[in-house]
Amino acid sequence: MSEPLLAVRDLRTYFRDREGIARAVDGVSFEVSRGETVAVVGESGSGKSVTALSILRLIRAPGAIEPGSTILFEGRDLLLLDDAEMRTVRGNRIAMIFQEPMSALNPVLTVGEQIAEVMRVHTSATRHEAWEGAVEMLALTGIASPRERASEYPHQLSGGMRQRVMIAMALVLRPDLLIADEPTTALDVTIQAQILELLQRLQQQLGMAVLLITHDLGVVAEVANRVVVMYGGEVVERASVAELFAHPHHPYTEGLMSAMPRLGRQTDRLMTIPGVVPPSTAWPGGCRFRERCSYSWERCATQHPPLHIVGTEHESRCHLAAEPLRRKAQHIPLAAALGGSV
Amino acid sequence: MRAHWTHQVMRRATIACVVLLAIVVVAVLAPVFSPYDPIAQPDIIGLKNLAPSLSHPFGTDSYSRDVLSRCIYGARISLSVAALATTIAITLGTLYGAIAGYVGGITDTIMMRIVDAALAIPRVLLLIAILALWNGLPLWLLVVVLGGTGWFGLSRMVRAQVLSLRELDFVTAARAVGASGPRILLRHILPNVVPTIIVAATLGIGHVIILEAGLSYLGLGVQPPAASWGSIIQDGADQLGSAWWISLFPGLLIVTTAIACNSLGDALRSALDPRESSVAMAELDS
Amino acid sequence: MASASSIAGTIASRLAQAVVVVAIVTTIVFVLIHLAPGDPFTSAMDNPNVTEAVRARWRAMYGLDQPLWIQYVRYLANVARGNFGWSFSMHRPVLNVLKDALPNTLLLTGTALVLGFAGGIGIAVIQATRPGSVVDRALGAGSMFFYAMPDFWLALMMMMIFAYWFPLFPVAGSVDPVMHEFMSPMGGLLDRLRHLVLPAVTLALLSGAAVARYQRAELLRVLPDDYVRTARAKGVGESRVMLVHVLRNALLPIVSLLGLSLPVLFTGAVFVERVFAWPGMGWTILNAVGTRDYPLVTAGVIVAAATVTLGSLAADLLYAVVDPRIRGH
């Protein structure tokens, strides 16, 4: 395997205002190889969306990517490019789709125009060629009567169709990497399945890599090759999908797994992770998860855990890797004692 | 409701308040601040039409009256007319809009049609027509007329708010307990409309100052011997080339006061609902 | 997509509403006339040579001795036919006087509208692309300054500047009173344009300031919207993002602002016309006030209201055309 398609190294994205500094992304590293699907999992407040936006440098004031971060795409550091060069990457080599297709599409332009816009901005296609390309792309995403649909406005389409339009818009120039920020969260369950299937099909057809941001482990199990679990602005666990589901190491990952309803498993109630995500302006010292962790001990409060290797291509940011015996001693985590619950 | 004060908004509002307060204080304490008697004509030959100087910062007019003193006393008229007229307009607009919004149905439609018609007439034209038909109105009647022509836009906004508030749960709850219509309106709904009213009042004062000045300039507003800023401008209107100071300074005073009112109104508006669309803002200004 | 018949239906219903509005305005005006002290003849005919007998005959001719409701009906009927009576000061039917005056006002307000909106939108775009900067704050202070300005005072100051200090443009009338008849067509057109400059610019400054304020606020409101982020994610350049994506959406409410600003524009025009002696509706009405020519005053108010109503209707239709969300459904 030659060098990875995308290599994020020590990414830090901070938001600074008069109140203080919000360290939304605080030292995140991971890689995506050509053609593979990497899922970034976490709850809201974990920093996963900000990570995605940072890759395309879509973070605006008061947020900024801190110096010392590196984002290598095909060997080039994206953070060193000037505006014009970065724009040739966006929509062209790396594309992004967002969670809410209704608000993510311009209400006063037809969907065809919005897809064609990508071609006209990056290539020398004429209006006609761009329009044809848009219609073709709509057909590719499984929309019936694509030519009629292309002349319609976003509010005339259903939620699922709008997401297909977003996908068409993102893939029209066959990018090498697609970043999908919670693409199915706002959709009905049945449509979710269709969209996921579409993404998988297109990925195989076009040979592209996908960086999937999600909080839904079910989606991860279906489509991802590797998983990156984020919490508190950091990566807390990294592994292949099979490995993660078979042997989750980090207590947070454990919690996510137990909270997931699964067919065939009898329970009276779903487990929840007590407590809430701390604010990014004030990460607790030591391990950021300790207040919600049922294994935590003194070391967790004083020493910030590094990423330990706990298996083949499996890393976890937890002191349990150094002291595995502590895993037997469960207790009520501090957050639950204080009365909070997620 | 007071959740959105940012530093910038706070600063602007404070400056505007200070300016307005200063003007009001000077106007109220006119005898203290005014260097001369505003109606005194000490020396029609010698002191006539003097350019601004240290002894007469705003110059003198063709009757040798000190313009600064006239402006200070004029502030009393301009400000009180604006304040009173706006109060009348606010009261009328709120009542009318609240009733229309709460009662709904045909009554609402008819009431709003009338408002639409009234809004179609450019306010100045309506005022000119009224003031021309009734010649030489006493000052208090002028105030009533000004107020009586300025409530239409506000009534529309109040009605819209009452309409949406009416459907909320706390109103249903009040009705379930047996509260009567007027009581619900007064104690439950209107308190939520107060922010809009406050903003409208602040902006309204600025508008009426300008409006009254225009009417006085035309000779239709404040009648002599009383003199508002607009009347003073009118005095100097035909001597723009020779005695430009007579018209300039009262105008600057009007602009300053109006800017302060607008700043304050804007600050209040963004503090009370920063997400409001700008067309809704425009409706308040009309 | 909307069918032709549904668009026609909407226009028809709006027109009907407009007629109702004008009817209400006429009623209001009628009530005002009859609440006012005196009748149209005691003041206009203060000439002592006009005997009481003549006055009585005029009153009978104008139906002023009839019961009030008959007068009202006759008045409505007359207005509907465009018969506004006789102007005492101008010695012509009121309708003719207004027919001459209205185009002048429309020319003035139309030009001011175009200049004001174009300028205001341009300034707002400049401000919104660099919010919080020195340029933004300077332009914002400028808009605030002109927005708070009394129209007649600005007109006076403009006149002062251009009549006495920089005599570049004529400060009175719509055409040169002496030379215009002798000018070539081209010369005549230039003459008209030169006379149009000052009053139109004055009005444009005032309306442009308001437009700049609202447009800036609307642009800044739209900027954080999701589809703007999508456009950037596609690699679209900032200027195209601003002009095609943000402005197109932020313009919509400004179109409805057009409708709202028509009465204000008319109002401002009254003072501007007076100062610059521009022979439009405002100037005519003000002169009529001075000469106590009531038929002209009242007719002027009705016609102004009607013009404003039609203008609002046109603005609303324009909005419906421009916003695809309204168009078809």
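As written, the chain order gives the labels A, B and C, with residue 1 at the start of each chain.
Operating definition for what follows: a residue touches a chain if its C-beta (ideal position, glycine included) is under 8 Å from a C-beta of that chain, and two chains touch if they have at least 3 such contacts.
These figures come from a predicted structure and were not determined experimentally.
Summarising the inter-chain contacts, the pair of chains with the most C-beta pairs in contact is B-C. Taking the mean Cα position of each chain as its centre, A sits at the greatest distance from subunit B. Subunit B and subunit C have CA centres that are 22 Å apart. Computed centre separation for the pair subunit A/subunit B is 54 angstrom, with centres defined by C-alpha atoms. By the touch criterion stated above, subunit B contacts subunit C in their complex at residues 113-114, 116-126, 128-130, 132-134, 206, 210, 213-214, 217-218, 220, 230, 233, 237, 240-241, 244, 247-248, 251, 254-255, 258-259, 261-263, 275, 277-279, 281-283, 285-286. Across the interface of their complex, subunit A is touched by residues 225-227, 229-237, 240, 244-245, 248-249, 252, 323-325, 328 of subunit C. Of all residues in subunit C, only 20-22, 24-25, 28-29, 32-33, 35-37, 144-145, 147-153, 156-157, 159-160, 163-164, 210, 214-215, 217-218, 221, 253, 256-257, 260-261, 263-264, 266-267, 270-271, 274, 282, 285-286, 289, 292, 294, 297-298, 300-301, 304-306, 308-309, 312 touch subunit B in the complex they form. Contact residues on subunit A toward subunit C in their complex (touch as defined above): 56, 58, 87-92, 95-96, 98, 100, 103-109, 117-118, 121-122, 153, 155-156, 166, 169.
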